[in-house]
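Following are the structures in question.
Next, two complexes with chain A in common: one pairs it with chain B, the other with chain C.
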Partner chain A sequence: MQADVAQIDTKIEVVTPENIAFHYQVAGPARRAMAFLIDLVIRLGILFGVGCLTAVFGIVAGGVAILGYLIAYFLLDWFYGALFETFMNGQTPGKRVLGIRVLTVDGQPINGLQAVIRNVLRSVDLMPVLSLEMFGIPAPMYIIPTFMVGLVIMATNRRFQRLGDLVCRTMVVMEERQWLAGVARLDDPRAMRLADYLPADFQITRTLAQALAHYVERRGYYSEARRREVARHLGEPLLRQFGLPHDTSHDLLLCALYYRAFVADVGDEARRKVRQGESPFGPPDATAAAAAAGQFPRTWPLPQQQMVTLPPAAGPDAARIL
Partner chain B sequence: MQLDRTRIAVRERGTMELLDISWHVLRCYGRPLLLTMLLGVLPLLALNHLLLGWLLTGVEFRSTWSLEEAGNVVRYVWNMSLLVFIEAPLASIAATAFLGQAVFLEQPKLRQLLRELLPLAPALAWCHLVVRGVLPAWLLLAMARGSQEYTGWEALLILLAMYAMGLRAFRPYINEIAILERLPLWKSRQAPMTLGRRSALLHNPSGADLLARWLCAALVACLLVLGVYGVCLFLSGVLLNQWRPTPLLLLLALPLSMWFVVGYIGVLRFMSYLDLRIRHEGWEVELRLRAEAARLASRLV
Partner chain C sequence: MKVAELLEKRRENWLQLEQFCEQMKGRRLASLGAANISRFAALYRAACADLALADSYQLPPNTVQYLHRLVGRAHNQLYRSRKFDLTSWLIVLLFEVPQRVFNDRCVQLMFCIFWGTFVLSAALAYSKQLWPDYAEQMLTSAQIESLEENFKNPIAGRPSEANFVMAGFYIQHNTSIGLRCFAGGLLVVPGLFITLFNAAFLGAAFGYMARPDVAAGTNFLHFVTAHGPFELTAIVLSAGAGLRLGVSWLKTNGLTREASLSKTAEEAMPIMGAAMVMFFLAAMIEGFLSPSAAPYWVKATVAVLSSGMLMFYFIVLGIPRRPSNAVG
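Up next, the complex of A and B:
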């Protein structure tokens, strides 16, 4: 049973010629199918509108109106995606709704030729096309696309590229909408006091710091019992190593260690901000003043609103620490 | 084994991303997943043929069918769909066991996998054959065997499928809990947590989410079965000039299309299970802390 070695994820790394690495999350068949469906609805809506206009003008112009309709149908069918992707920087309305964008595999915006070719080649990706007659319905028209060619090709490469993407060296990625979390707020002063009891010579490794940050960011979402259960794994050996009383709260110990790693050793300004609930990565004072004057939204986005709060002192563990 | 260095990136994902990454997993573990799925699928394929294949014996495959022949074909397709739906988790037991180990970069041999599954057989048999209705489904179709008309037994199969549907929508991860968490069926002094209790604890808080995900997966599964079977139909038309369903298509291609999709849905279910544990239990945080504890212990040594 052999397998590849790289981690299986939808995130990929693109390294520029300047040796700068960007991380993108590639959009797979599910998200792209949704975007396609939205675009299909828009196209059908436009065609319906054009059809109504044709019916109205058909009374006067006759065949010319029908010719106009056929031209509109042709343009929509073949160039809808290409035009939008060229002039909306790799997005169609459907892609914009789903938050995805077409880029080259080097992370650059696509050009008009790439947009046209990848959209024209969609007609291959939607193969094989079936007839209703195959299912016993007497209508010998091949109108049911299965998209199996596209799906198989997408499933067999890491960037979820369909045939059009492979030919044009493009890929579809998710637009980044992640907030960088600041330092988590520690409301409970016991964590800060406990930090003073930790041995000064204990080296917090990079992976330990990452694990602590991960724990403190997420612990607010867990129940008290689950928090104890999770913290116990690292808390127990740390307590032994530090020579602290065995009934010290593991959760508080990890918070104290987090405080040591990210706040206490960083400086007075960061410590003040964490105590006041501000992120050390917050905006400069001028920006804050502008926000206060109503020039910017006064509420900060997700990370600040979801800051982790330690529960007030309670239970035998807390009593032991204090 | 380093718990925080997993082969599949462990983090929270949305439904769309889960649908997408399942294709990656299928691609990376194509061969072992095919082998483990075949372990479950081949016996069921043969058994299903025994239970339903007789419906097509009298059907002559020409351009037009008589009403009776068409009725038998529809009956076969309908019953086969219900049966495969009910049996799907049973078929993906070995694949789930493989994925559980593959997450941590283990490369289990097939024999080793089976040896590990053997002690779990009673719990799995109880869950799938009895509780999830696989055995009753076989019995119902065995009772209906040979009847030229649609029978009450087959109508009961629909009710059974609806019951299985309810269980699968609100308790989807029974395979994962039984195989990966290795919980016993009955409570004992050594193991106070049982399979049923754990299932309730994991599933109950997120019933609405699970239902939404199940509906999404069901829709994708239906579309995929139609797509894969459509490809078989298309290939039969192009290669054999047979544009209508033939015995080969109905007896082999149709069930195989369904089983292929069962394999994909099995991977999707496993990924969704990991996601649920990450969201509700902070499983990824626990892994990181446990890995750090192991590193700390090795540093001290």
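Up next, the complex of A and C:
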């Protein structure tokens, strides 16, 4: 399944020296264009600052000041990106704002030479250029890059590499922070109670656990009808297998299984006893006995208290799981 | 062990690793302190191990995704870009580039193309019989007028302020042309176009100014002598390195196109670096010596000396050596 996802997704797998394969999401042209625009504004800002300094310093030595200004202009024009990407570990200020970073295709940091090459070759990626004169505005100094070459090349490879990236084997990846959401909270205490009715010797396979996690983490976004529709496919055969009443909510059953799989497995103890030859149906302790009798103690811990939750400052992603 | 328990146990480690990532953002690694760095590395390895075992732990998918992101961020903080190393760049510029250029068919071909076009264009512009209107068509009459206007008076020096300004302009303008020649070479056609256009234009300007009936001609030649060798060599060199890039993905010598391209780029970029140094030297000479009132023999000597330096660079340093003598 993972392989199929990688085909249609923009994920790139990287193997680290620690021999771990992890996924990066490749940054697309829109995000990179935004970063480029921010960098452009910063570049103009720096140029304006240097211009002011030149004007001040020019009172003393005009020629030298303008020489400095022109050299600064040249460096900013061609080496702004290269300098920042080398000294800021693959990021320019614009890239940092957008949360993207340049890496080699092997996931390694780029070196100075790669940073220089990919930035010098941007002048090919921005071809063909239009000039304002084509629109009848007499301003030969101002040209409009169309970035068509870069876009076409980006569309032809899996990593969204422009020509400059292809040449020095780099790619731009997203580096976003994600909040640790932990185990999904179940809003219905009945799910937990239902978990007790599930056969204690039922083993939840790996794929079933994954399907359950996918469902329960997302069910918060679904309407009631949609939940019923989705949960039916897995719920129906399971109800039959467990011999539970037909009118049991499928959604609730999946939640109960999820609870069993990820949070608290009351069946562990029972299964151990089955293996040791004891009857699983004997009353092992008071709680189970009460559960079997259908009386639930008021002191039963709510699922919320047991599960991993986030610290209060956790952000919007965590709130959505609730 | 249940997933919820496991997550509870690991949460603190992961959050701490996240905190370190935040702290290290945009700072030098050393500023964190030795103890924290080793703690960071340990946390990173632990997170890697958790990710590796995520499947057998049966972690929920959103936690796995979180771990991918976390490991990715920590990885980027641990493995950082290497800085420019000046000594190794110097070694590359002084030893590897000349040897590479000496054997580089693309640079040789570009040398022939550039100078061939230059001489042809100069001859056409000089001669009034071969193609009487060539100079006007190539240079446009406005350009010719401004050329004649600029070199109307004998070169007698100018205020030093203007020298600085012009030196800056030459650095910015000429090196940009060189870099554009180089980058355009990747797609072959744009690079060839820029080079041919420059060769034809410069050739026509030289040819026209060399006509015996053009009064400004001697002043023009007086001006261009000193910086010519560096500037024209630099433009040939950048165009040649660009052509090498373009050829690398057309003729791959058994590599994949991408591999051939990236291997060649690493070799061609230092050649472009050498060209940039030459552009810089040429701009200095063009800004300060060429417009000065110094007698012609001084400028000619500078031209001869710089040609000699280029010869030394490309032939003496560039001659192929036995592998035992090769550097690096």
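The rule is simple: the second predicted complex is superposed on the first by the 229 of 322 C-alpha atoms of A that agree within 3 Å, B and C clash if a C-alpha of one lies under 4 Å from a C-alpha of the other, contacts with A are read in each partner's own complex, and residues count from 1 in each chain.
Everything below uses one rule, namely that a contact is a pair of C-beta atoms (placed from the backbone, for glycine too) under 8 Å apart; a residue touches a chain by one contact, two chains touch by 3 or more.
Just so it is clear, the structure is predicted and the values come from calculations on it, not from any experiment.
Q: Taking chain A as the common reference, can chain B and chain C both be placed on it without clashing, or not? Answer clash or fit.
A: fit
Q: According to the contact criterion defined above, which of chain B and chain C contacts more residues of chain A?
A: The larger set of chain A residues in touch belongs to C.
Q: Contact-wise, after the overlay, does A:48 reach chain B, chain C, both or neither (first, second, both, neither)?
A: neither
Q: Identify the partner contact of A:22: answer first if only chain B is touched, second if only chain C is, both if each is, neither if none is.
A: second
Q: State whether A:221 touches chain B only (first), chain C only (second), both chains, or neither.
A: In the superposition, A:221 contacts chain B only.
Q: Between chain B (first) and chain C (second), which does A:202 come into contact with in this model arrangement: first, second, both, or neither?
A: After superposing on A, A:202 lies clear of both chain B and chain C.
Q: Regarding the shared-chain residue A:168, is it in contact with chain B (first), chain C (second), both, or neither?
A: second
Q: Under the stated touch criterion, which partner chain does A:210 make contact with: chain B (first), chain C (second), both, or neither?
A: A:210: touches chain B and chain C.
Q: In the overlaid three-chain picture, which partner chain does A:158 touch, first (chain B) or second (chain C), both, or neither?
A: first
Q: Quick check on the superposed model: minimum Cα to Cα separation from chain B to chain C, whole Å please.
A: 10
Q: Shared contact residues on chain A, chain B side and chain C side combined as an intersection?
A: After superposing on chain A, chain A residues 210, 214 contact both chain B and chain C.
Q: Under the stated contact criterion, what part of chain A meets chain C in this complex?
A: So the residues of chain A touching chain C come out as 14, 16-20, 22-24, 61-64, 66-71, 73-74, 77-78, 85-90, 96, 101, 103, 107-113, 115-117, 120-124, 127, 149, 163, 166-169, 173, 175-184, 206, 209-210, 213-214, 217, 261-265, 306-308, 321.
Q: Quick one: in the complex, what on chain C touches chain A?
A: Against chain A, chain C makes touches at 2-4, 7-8, 11, 14-15, 18, 26, 44-45, 48-49, 51-52, 55, 58, 60-63, 65-73, 75-77, 79-85, 159-165, 167-169, 171-172, 175-176, 179-180, 182-184, 186-187, 190, 245, 258, 261-262, 265-266, 269, 272.
Q: Under the definition above, what is the set of chain A residues touching chain B in their complex?
A: Contacts found on chain A: 1-4, 7-11, 25, 27-31, 34, 128, 130-131, 133-134, 136, 144, 146-148, 151, 154-156, 158, 160, 205, 207-208, 210-211, 214-215, 218-219, 221-222, 226, 229-231, 233-234, 236-238, 241, 254.
Q: Where on chain B is chain A touching in the complex?
A: So the residues of chain B touching chain A come out as 4, 6-9, 15-17, 19-21, 23-29, 31-32, 35, 70, 98, 102, 107-110, 220, 226-228, 230-231, 233-234, 237, 243-244, 281-282, 284-286, 288-293, 295-297, 300.
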